[in-house]
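Below, chain A partners chain B and then partners chain C, in two separate complexes.
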Partner chain A sequence: MESIEARVRTFVRENFPVSSSDVPSDQSLLESGIIDSIGVLTLVTWIEQEFDIVVADEDVVPENLDSIERIVRFIERKAAGGQ
Partner chain B sequence: MAADLVAMDFGCLPPSPLQPAARLAASLGIAELWIKRDDLIGFAGGGTKCRKLAGLADRLRTTGADTFLLSGGGMSNQVRIIAALAAVGGRACEVFIDAAADAPAARFGRFFGAQVHALPDATHWTLNSAIRARLRELAAAGKRAVVIPAASHEDLAAYAQAIGELAAQGLPASPRRTLVVTAAGSGATSAGFLLGLDRHLPQGRLLAVSADRRGSELRTIITRLLASATGLAPEGEDMQRMLARLDVDDRAIGGGYGTRTAEADAAIALAARTEGLLTEPVYTGKALAALCAMSRDGSIDRDERIVFWHTGGVPYLACALAQPLLSD
Partner chain C sequence: MRYEEFLRQSAQRHGDRAAIVHEEGRATYAEFDAAADRFAAALVHHADFANGDRCVLFLDNRFETAVGIFGTLRAGGIFSVINPTTKADKLAYVLNNCEAKVLVTQASLLAAARAAAAQAPSVQRIVVVGGTADADTMDYAGFVGTAPALPASRSPGIDIDLAMLVYTSGSTGQPKGVMMTHQNMVHAATSITTYLRNTGDDIVLSVLPLAFDYGLYQLLMCVKMGSTLLLGKSFAFPQKILPMLASERVTGFPLVPTMAALIVQLKNFDPAWAASVRYLTNTAAALPPAHIAKLQEMFPQARVYSMYGMTESKRCTYLPPEQLAVRPTSVGIAIPGTEVWVADDAGKPVAANVVGELVVRGGHVMQGYWRNDEATARVLKQGRYPWERVLHTGDLFRMDEEGYLYFVGRKDDILKSRGEKVSPKEIENVLYALPGIREAAIVGVPDPILGMSLKAILVLAEGAQLTPRDVMGHCAAHLEDFMVPRAVEFRDALPKTNTGKIRRAALQAEAEGRAFDAEES
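And now, the complex of A and B:
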């Protein structure tokens, strides 16, 4: 089974292709233009379906979703049943 | 009775006129300047966004959606024409605007019967949450809502075809290279134009003048849209060939999206007084302001053949003229 980070990176690369090389883990996805506001909808929907977790509206904040590493940590926390 | 989306008539269709602008060119010291008049096509005030309407209407029809959701800025052309599309096509429309309720796009949205959610302090994140929440409410109410993105692959194809249209309009033979100058917001028009240059006008180049984003961010967005639409690797040879034709300039942004600048207001007045051309302060006015500045400081080749792409938005000029021009 691929790691969560590998799955996230594959999703970002396939849906928001900006570079053949991977984006840095801590790079802001919105400020750098990799993801736009509707792209966040796509990302959230994918997270819910791919990892079978519920993303609440209050979860949709940059602290949880604005970089590869933040997305990975968020998914790990949610999958473990955390808030 | 509401028309079916598939049978809609979008008024004046492309090709848009290609107008010589010798007086404006002379005042800028440019050898050859043409205006591509997309402000004269389409409906609901026209503009380049209207080029995608027929395809978008067809795709929306096949979704079976009864409600369209979209987001946009306070002077969004997309908001205005899609609110009109929904009205004429008998669909509900809800618009999420990151501006005040009296912003021009909000007013036009309501004018066309859309429900406007004005969120002046919204970020990408809070706007997104608002749309998600509304989607759930609409689903619970038995509505079939669809979110319309700022750009799709099909939109880019329509904009690419616009360059094919330009190439077929019979510009006189000239040794000059062609530089297409356009305002850039979502980046979709610019990405489509690059695709079109590659297919139809390979000696041409594109200057995308940002209306709101830093140049590096706009370039990233254009790259992403182009890679998504073509399936090409961003760093592959074909993509790099297309991107090599792109210059991005963010000098005209001023205080950000929608803010007036004296330079844009002066450029708007210059275009009006030399060519009778109406532009507006958010997109076309800033693109003209950049063109003026670059012709003065020599950062563009004044011997190039320049095609200024009028992307529309003229209805918003009336809103802007409610206040004095900053350049007066």
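And now, the complex of A and C:
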């Protein structure tokens, strides 16, 4: 099974064509123009389906979703049943 | 009255009041006013700026953009705010089109700004917010910090002077600069603040880009009223924005349909967020009646305004909120101090419920497109008086028996996606520049969040190997975000007219799931 980071990177690369394959893990996806408000929605829907987790409204914040690193940590935490 | 005088007045009346609350802090009216003075002085000192010169602001929603707008006016100049997702080629087109003397940008956009300026010989200064002084650029702090104040005797001009250029998509694929004088802006702002019942006590939260006239007017109207503007950069994370409605006691919250769609689906919406909001506005595209009902439920104290407009006259109509329950799909009546009618091909009013083109008259109608007399002549036509020109909007409407207007469609191919006007031609031109594409058509697929979601339908040249990602990547490198297709479909052939022209209208009808009448094209 591919690592969570590899799956996230593949998703971002395939869905947000502005991104290059070597986006630094800690780079803000919003500020670098890779995702926008619709992109955030697409990302959340994908996370819910791909990892079978529920993303609550209050989870949709930059602290959880605005870099590859943060997305990976968020998924790991959610998948482990944490809050 | 010139528009920048409102900033001086508001600073004199309540200098301590917050004018702009932004991500990095708060600026009072006194601070905003002083910053605009310094910016004006810097334009004159560092760029030999004269009345009528152009300053392009290639910046996101930040305090410096607001300062650049009012500072340029105070120096007697003309400003144009350009969307930060604009790519270098299009920015170069704009810089050359308006012969900009000064380009102000920010560190994160410097690469595109430099590439564009390299193709625009008129640009004498590039100023970079958050940048460092370089051989070919000045950092913003150094720019505004080192110029002697302008002498009080220097006049910036009078109110019939051109104040701004707002670039808008044209159906031919090249952007056009909508020319607005100070008088135009004062007229539009006065009309809108009248029906919104704005006062100096309002606090408006806007995440709409200042490059978009709807976002820009939030700033202009707040300055005129002496009210407070909370300036956000994006609505990508509603959970970061919506709590500010409560913490800052926001009274006015302008929306576009995409934002409304994100808000109505929230499960954790806290009624406390809505408590101080006295009005919501929507424009750019109609809100579905279900979203209107839900918004009213979520914001019980708020009057909800459905509005319609186009950059060429800023705003055309609004629906008085008390009519929303009666005719939820109407965009209402002419804004105060203006007139509109539904016209036949000769420009004469038609009977109730007959579809025709909306025509607009009033002091908010633009002066024309910058250096594009041909395009101007197509939309500005002879009005009632010898000196008067009225705006033919290109939008089809009908008016009911009681005088309320309903949007029917466009006369041309322009699509609306995410509330932005999109020219299929502009995207198709970019697609044809990608080797391997033989035929291309852009259609809008109805989408609950986006209004229209853009889809490229392509025929590849023999032997060409392109993936949807290649196509979207190419578009993303050459177009603003909102113009990048979200889906790509490959076909063997596209439908054509007898003369061999691609029948985009037939493909559009197919995308909307409606029958296509061949007479249409």
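Methods note: the second predicted complex is superposed on the first by the 80 of 83 C-alpha atoms of A that agree within 3 Å, B and C clash if a C-alpha of one lies under 4 Å from a C-alpha of the other, contacts with A are read in each partner's own complex, and residues count from 1 in each chain.
As a convention for this text, a contact is a pair of C-beta atoms (placed from the backbone, for glycine too) under 8 Å apart; a residue touches a chain by one contact, two chains touch by 3 or more.
Note that the structure is predicted; figures quoted are calculated from it, not measured.
With both structures placed on the common chain, the touch criterion links A:1 to neither chain B nor chain C. In the overlay built on the shared chain, the residue A:30 is in contact with chain B and with chain C. By the touch criterion defined above, A:44 lies against chain B but remains apart from chain C after alignment on the C-alpha atoms of chain A. Of the two partner chains placed around the shared chain by superposition, neither chain B nor chain C is touched by A:54. In the superposed model, A:80 makes contact with neither chain B nor chain C. Within chain A, the residues touching chain B in one complex and chain C in the other are 17-18, 30-33, 36-38, 40-41, 57-58, 60-62, 65. The residues of chain C lying in touch with chain A in their complex are 84-85, 108, 234-240, 258-259, 262, 266-269, 418, 449-450, 469, 472-473, 475-477, 481, 484.
Interface residues of chain B facing chain A in the complex, by the touch rule stated above, are 71, 124-125, 127-129, 131-133, 147, 149-150, 186-187, 213, 216-221, 223-224, 227-228, 233-236.
Those residues of chain A that touch chain C in the shared complex are 13-14, 17-18, 30-33, 35-41, 56-58, 60-62, 65-66. Those residues of chain A lying in contact with chain B across their complex are 15-21, 30-34, 36-38, 40-41, 44, 57-58, 60-62, 65.
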